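Here is the structure we will look at.
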Amino acid sequence: MKEIVSETKLRIPFFDLDPMNVVWHGNYVKYMEIARCDFFRSIKYTYDDMHSDGIMYPIAKMDFKFIKSAKFEDEITIKCILKELEPALIFRYEIYTNGEKIFVGNTMQIGVNIKTGESIFEAPGRLKESLRNK
Amino acid sequence: MKEIVSETKLRIPFFDLDPMNVVWHGNYVKYMEIARCDFFRSIKYTYDDMHSDGIMYPIAKMDFKFIKSAKFEDEITIKCILKELEPALIFRYEIYTNGEKIFVGNTMQIGVNIKTGESIFEAPGRLKESLRNK
Amino acid sequence: MKEIVSETKLRIPFFDLDPMNVVWHGNYVKYMEIARCDFFRSIKYTYDDMHSDGIMYPIAKMDFKFIKSAKFEDEITIKCILKELEPALIFRYEIYTNGEKIFVGNTMQIGVNIKTGESIFEAPGRLKESLRNK
Amino acid sequence: MKEIVSETKLRIPFFDLDPMNVVWHGNYVKYMEIARCDFFRSIKYTYDDMHSDGIMYPIAKMDFKFIKSAKFEDEITIKCILKELEPALIFRYEIYTNGEKIFVGNTMQIGVNIKTGESIFEAPGRLKESLRNK
């Protein structure tokens, strides 16, 4: 599989800061999710497509490495890279401020049949096609 | 209608603080919601009851007055007072630290028929009964 | 004073949704803050300027009216309108989806001397100038 | 080092839910932080002690494994276990609902000299003593 990457730009809002005047670490989960949703938008596979394919992709595992702090009104760039599609969705996230890497994270999502709750290890055909056409 | 009041105690968590080292103002919406859910629990009218009564109560209006800041690990007490039941649910919220009032807020919630989306101006019978039995 | 307005565009993120599949009401405080920060950026009066002017502007009062719900990936436009500068900062916020007004809110902020904690009812000269030059 | 454990009980609030009617995954970072702060309170080493010791402990790494979802008003128990004190603080977190493990996480925090920004690999004497006395 060729690596598919999306890029999201974001300005750090005030309410994400903590008493040390830097982004509270838990907020990076939000940045990752925004980037992942942008990834799906970029390949034109929407949340509604996922729903009508009868699958959802809850997060099964995540990990984070904090290299440097982001600050108020910093413009960050989040690279979201699809690493594996099957048996589970694996994304890698890299966050940059002014070209400097400040954060690295990973998520693993396991497909679940919306109706039966059973795990699904094969990606929906429409998702695969969206990735091929990208 | 006699005034029915519930009380909720809460310790301010670190992630609710902002760079001024006080609770970020938007977090008070959460404290109000926690107190309101406790109110319903105290009268034994549950979220599931509401759902099976076919009604939901989205917030239509809110207002807030900030008197003093709450700080990390402050133990706050939230009084939640039912002011009106019909045609709309009106709650008043007062937050105290060490007996001192630091915040006052109000919410108005209008009943909505879950199926049709129409407004409901009469409270469910079961909710009225729960209040009478309190 | 002529009315000064800024406009902010935002796409609703997934993590702002609640079990009804609409934006949880408390998240509007964030949208208002993002818009207010954009307002200050648009007049080129920065957070650092505010700090070096020795003043901060905590929220003293807020109110909200919810007209219609915002949904996942809705593109909302937040108009932030400065209504009064002295003795207190009063902003009005209007949120639109596809040209339809879905939310109205107001905030009142009272200036506080960072060092002494005393209230300040006159806006900093530099802030007034920034507004005149807009 | 003997293993030191603290336990925190928490009721899942409504605003932590997502459209699937379960806790949005990012909120577990908050539960971990609440548990970690409780851990420090249980050994009587406060945030102020940390500050007067001239050290802060930002999160350098975190990882999460989601086993089962938590739901509205679930009472969860968070076990917070100190695994290593030096050269870095390592905590393990286990979350239970009705005795069933639903989540496992880990954090690594590296001490930083508040004044110089330099890394500190030795824990403050007062923290060590608090742990011995526990």
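As written, the chains take the letters A, B, C and D, and residue 1 is the first residue of each chain.
Simple rule for what comes next: contacts are C-beta pairs under 8 Å (C-beta built on N, C-alpha and C of every residue); 3 or more make two chains touch, one makes a residue touch a chain.
Quick caveat: nothing in here was measured; it's all calculated off a predicted structure.
**Student:** Identify the chain pair with more contacting C-beta pairs: B-C or A-C.
**Tutor:** B-C
**Student:** Where centres are the averaged C-alpha coordinates, which chain has the largest centre distance to subunit C?
**Tutor:** Farthest by centroid: D.
**Student:** Measuring centre to centre with CA averages, how many angstrom lie between subunit B and subunit C?
**Tutor:** That pair's centroid distance is 24 Å.
**Student:** Measuring centre to centre with CA averages, how many angstrom lie between subunit A and subunit C?
**Tutor:** The mean C-alpha positions of subunit A and subunit C differ by 29 Å.
**Student:** Where in subunit C do residues touch at least two different other chains?
**Tutor:** Expected reply: 14-15, 26, 29-30, 33, 72.
**Student:** Tell me, which parts of subunit A touch subunit B in their complex?
**Tutor:** Touch list, subunit A to subunit B: 14-15, 17-19, 21, 24, 26, 72.
**Student:** In the complex, go through subunit C and note every residue touching subunit B.
**Tutor:** Within the complex, subunit C contacts subunit B at residues 20, 25-26, 29-30, 33, 56, 58-66, 69.
**Student:** Spell out the residues on subunit A that touch subunit C in their complex, using ranges where they run on.
**Tutor:** 13-15, 29-30, 33-34, 37, 41, 47, 72-73
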